[in-house]
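Labels run A, B, C and D following the written order; every chain starts at residue 1.
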Amino acid sequence: MYNFRNDYSEGAHPKVLDALVRTNFEATAGYGEDEYCEAAAKAVRSRFACPDADVHFLVGGTQTNYTAITAFLRPWEAVIAADTGHIAVHETGAVEARGHKVLTVPNADGKVTPQALEDIYLEHTIANIGHMVHPRMLYISDTTELGTIYTKAELTALRQMCDRLGLYLYLDGARLASALTAEGNDLTPEDLPRLFDAFTLGGTKCGLLFGECLVITNPDLKPNFRYCLKQCGGMLAKGRLLGVQFLALLEDDLFLKLGRHENQMAVRLTQGLLAAGYPLYAQGPTNQVFPILSRALIARLEQDFTFEFIARIDPEHDAVRFVTSWATEIEAVEALLGALGKA
Amino acid sequence: MYNFRNDYSEGAHPKVLDALVRTNFEATAGYGEDEYCEAAAKAVRSRFACPDADVHFLVGGTQTNYTAITAFLRPWEAVIAADTGHIAVHETGAVEARGHKVLTVPNADGKVTPQALEDIYLEHTIANIGHMVHPRMLYISDTTELGTIYTKAELTALRQMCDRLGLYLYLDGARLASALTAEGNDLTPEDLPRLFDAFTLGGTKCGLLFGECLVITNPDLKPNFRYCLKQCGGMLAKGRLLGVQFLALLEDDLFLKLGRHENQMAVRLTQGLLAAGYPLYAQGPTNQVFPILSRALIARLEQDFTFEFIARIDPEHDAVRFVTSWATEIEAVEALLGALGKA
Amino acid sequence: MYNFRNDYSEGAHPKVLDALVRTNFEATAGYGEDEYCEAAAKAVRSRFACPDADVHFLVGGTQTNYTAITAFLRPWEAVIAADTGHIAVHETGAVEARGHKVLTVPNADGKVTPQALEDIYLEHTIANIGHMVHPRMLYISDTTELGTIYTKAELTALRQMCDRLGLYLYLDGARLASALTAEGNDLTPEDLPRLFDAFTLGGTKCGLLFGECLVITNPDLKPNFRYCLKQCGGMLAKGRLLGVQFLALLEDDLFLKLGRHENQMAVRLTQGLLAAGYPLYAQGPTNQVFPILSRALIARLEQDFTFEFIARIDPEHDAVRFVTSWATEIEAVEALLGALGKA
Amino acid sequence: MYNFRNDYSEGAHPKVLDALVRTNFEATAGYGEDEYCEAAAKAVRSRFACPDADVHFLVGGTQTNYTAITAFLRPWEAVIAADTGHIAVHETGAVEARGHKVLTVPNADGKVTPQALEDIYLEHTIANIGHMVHPRMLYISDTTELGTIYTKAELTALRQMCDRLGLYLYLDGARLASALTAEGNDLTPEDLPRLFDAFTLGGTKCGLLFGECLVITNPDLKPNFRYCLKQCGGMLAKGRLLGVQFLALLEDDLFLKLGRHENQMAVRLTQGLLAAGYPLYAQGPTNQVFPILSRALIARLEQDFTFEFIARIDPEHDAVRFVTSWATEIEAVEALLGALGKA
């Protein structure tokens, strides 16, 4: 069985696992107040060129998103996301469960445009002040849910629009390593603090057992975050597990190496699919590939490959998703292409 | 100054006010546990042919909607509404503030169609169970936000779809009196209990000082509602004020008479606007009229008439809203038509 | 039947009712943005000597308390109250339903002492920062739930302790008129803005049909309150009803006259009870009287008087509550004392 | 430096770590829908004699408690806990943040008594129905926050009282292994399903990297839990990490062995402290030891030992807490006793 279900099917990358094993019997303070978390935070600040940022480590992505939104917004303030956005669709209403409306705008290849942002802001502020939620933050993800990436120019334009409208700009970087190493990407780690009020660096989908890193660069958003972290269930008792893993992930830019690998595997797969004549539901340069396949073919593939259903296209075809990871081997990709044959 | 701002600009209809004055010095139990509330509940059950329904009286519409949704749904369950729906747009995220996602579907003249309902339900249940909110209730309003009404056939089709999908069907009847007396309406008060798990009869926009009546017909939704009522801030100390007013409103079908009057005023206005050549932003047979006017004309009208901005159409034109009420006199309508002149 | 059940059994004081009737057919803007609310706010600012305060009018007390707390606190911040406090006991967890913990301290005759305040603050800040809620506000009521009142010295001491601990001080003045006119009171309306970050003036228990007035004096707490008001279900469509009523209540200090009257009735009752030898469950100079009576006597009294159960004292005795109001006549008090006879 | 700070200072027990390493490169389904979680659930059902129970694995304790409470209760329902209870004190209001009031009763050596339970239930139901939260669940922990344990007779009495009052009974077993192996314990794993509607088996404090196991035995509480799990941020992407660890923990009753070891270390410490003449702030047979020490001594000890502050006793003395774990060696205990000397 070859795995293309997602990028978190295996355990940890060997270097990460080694770090965990090596430090296993040490006794440290709990709740992220240990030297490993401190060192990892320092490494993040250094790599992302934000010496004054607050850095927090959490276990999961949904948890990170709603904890940050809970900490950053007041009850009547809303977060804007693409209609494909993870917080809007795939987090079981976790943001709403903490009291905030998620306003959605039509996505453009998974991305939010400045125009869509301005439109929804105006809709909520041109009249009826007090009777509608007040948009206060833009949530985007890079890579997007459709595997596409933002260019630096696009992000700069969003940043400018956010500044004009008084919005925080938040990046869900669950697959940031993939985005930063994709073909066509012109964004560097050092660009992020200038563009975002807060951003995350995802570990779960990049070779950690688990772990998301939240970097808060806007000083207004820093105070009291740890109260929220605890209240939202995100404070890990053996918090140093997060520090140990992120330290390993940042060493020698391991996260970028893993991102690059998974992109290469996906690009090969995309090229093969296109060459074979399969239409794509969405196309990007990162580690998610979305072909449209006949149900008969899907049933056949399921015998040897794991992957996910995305959407019903017509009575005979579905869009599915193949995801590559740090652990995906080229043999698996070739086997999949072989099984796909010609469209 | 003629008032077309809304249908809650004046105080109470004389018969309602008289009832309040007449009973003012009586001492009764508080919190809706008095004989007037009991009598009003009985009158509602009788008029709407639901002898076993639970009837609650609340002060305001937003309050009623989010209290009902809070009481009826579990945390992971969502309510579906048209993208124009009041709970989706104009309640400052009150439903989300109590933890529930409002899923929106594209409206058809302000209405939800069975197809849109089925589509969004399938999107949330075809895969990813547990990772998306579970749709559990459909919220509609009659009259809709665009002043249109549902036919009995449309409601029956929605009811059938709700039954098929396991959804509660909830009617926000803030302007129910207007809907029930509009041209083209074939719905009777007696139809409602069969169609809806719960529905409201709006008093605020129909001649009461304030007051919404929530009728719960589905036995599963009845228990413990008063806890929610109190917790959500909807329990009025001098609760009998609600009972007294609704008793007056139901006597001799006063609510239908008031609805009929406001519709007649609006129909006259609509006919005049169309005859004068003005385009309409939305058109329905009830008490809200939505012409598109030039900004110059709007500025001129604002000197003698109150009304509301609805949407920017182009740099020179806006859609506005004229609302008629139980208190609107034909002279006001004619004055407005006179001021409008030809398009 | 004589009514001692509560101070909101009747409708409105004649002067308040007259004002409502007189203005009934005027058309004004909704949602509290009318000239009556503006005038009433001005009258409040003037009477309470706080020219820069924000003044909001809401329908009910529970609503006012949780809306203010929602607007003033962040998610991890808690409000401290006496263990008898209304928000702690009698609001069906409305504050918690909006996400905030209510920390309780043992009451001293219904009051919070600076020592109790300091103790609970230290408990929550001496260690485990982040793992416990952070106390941020003190909630008190005057009159208290036990009918007692605070002296100016007591309030000044609480204010100083709040300043030292970084706490907001909030006064629930649901029965403020009674407190300000009680024997032993040395507090004036003009003292309140100096002592409290926000306070309420209760109308429901002082001759209005309904209505609480929230006065926010701390500039930090003012912004965006109307969003919360709407989201929390507290924005009344015909908002001017609140302005009209409060204007009448403030005219010629009517609220103080009504407070004085109800206190006089209660003092007479207390004196009679003590003279007759009945023990009191709690004793204060305001309009709530708490005798301990045998169940046999209670059963007898219930035939002619309405009143409420408070607590079981022993198998044969209960504490009950008699409340006097602006509408209580001396004949009713004498009739009650007559029925009570000797203990 | 010897560690007595807590029982989660080190990483995983070697057998647990081995299991993680051994399975690291396998690819499985995510979110707990893998064969390891299934096998671990089966092992739990078998060991705790509840073949029909639903078994869920979560990362942390606070998360588990509030997720369960969110899933089990309706908005107006409250959970009762001892005033020392973890959910009442040390979870930053996480339960309230999800909308539920935590009612507290005075603890008896960290425990809840049937009498205290009945008292608070009656307080909330004898009158004012609808105006107070409705108690619906009792939360206890075993071991308690003070290191004490419940006897089977005590739990049976609580169960009977819960049945009488219509309350769910929930056990926070964060330190269940310690409780089940303590001197004086007469509770077996097989007793739990009969006594509790739901209980947890803590892994974080018993040799796992992280992990709590929630066992739901009451069929009414089972449906739809995974929605809550996701919404509350408790669904781990690489969910099998939890299954793998719990499988190892249950194999050959490793959890009981670890519990027994930590108790033995603590008993030795307690005996030494008592022999040396130190008073104890609280005393139990489990792995938390609470001596009262002078601040001078505390300062001296802090040079070689880590431990936590618990409470200020007087200007010169504090209560502190020494915690033993599966990793505590007898040499550390003896070193600590040596450093303590005579009181």
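Note that a contact is a pair of C-beta atoms (placed from the backbone, for glycine too) under 8 Å apart; a residue touches a chain by one contact, two chains touch by 3 or more.
Because the structure is predicted, anything quoted here is derived from the model rather than measured.
With rounding to the nearest 5, the Cα superposition of chain B on chain C corresponds to a rotation angle of 180 degrees.
Comparing the CA-atom centres of all chains against that of chain C, the greatest distance is found for A. As a whole-number value, the distance joining the C-alpha centres of chain B and chain C reads 33 Å.
Here the spacing of chain A and chain C, counted between their Cα centres, is 50 Å. Chain B has its Cα centroid 41 Å from the Cα centroid of chain A. Under the contact definition stated at the top, the residues of chain B that touch 2 or more other chains are 75-76, 91-93, 97-99, 130-131, 133, 227, 230-231, 235.
Residues 75-76, 78, 89-93, 96-102, 122, 126-128, 130-133, 308-309, 312 of chain C are the ones touching chain D in the complex.
Considering their complex, residues 31, 70-71, 74-76, 98-99, 129-131, 133-134, 224, 226-231, 235 of chain A touch chain C.
Those residues of chain C whose C-beta lies close enough to touch chain B in the complex are 1, 3, 5-6, 8-12, 17, 20-21, 23-30, 59-63, 66-67, 91-94, 97-98, 204-205, 209-210, 227, 230-238, 241, 306, 327.
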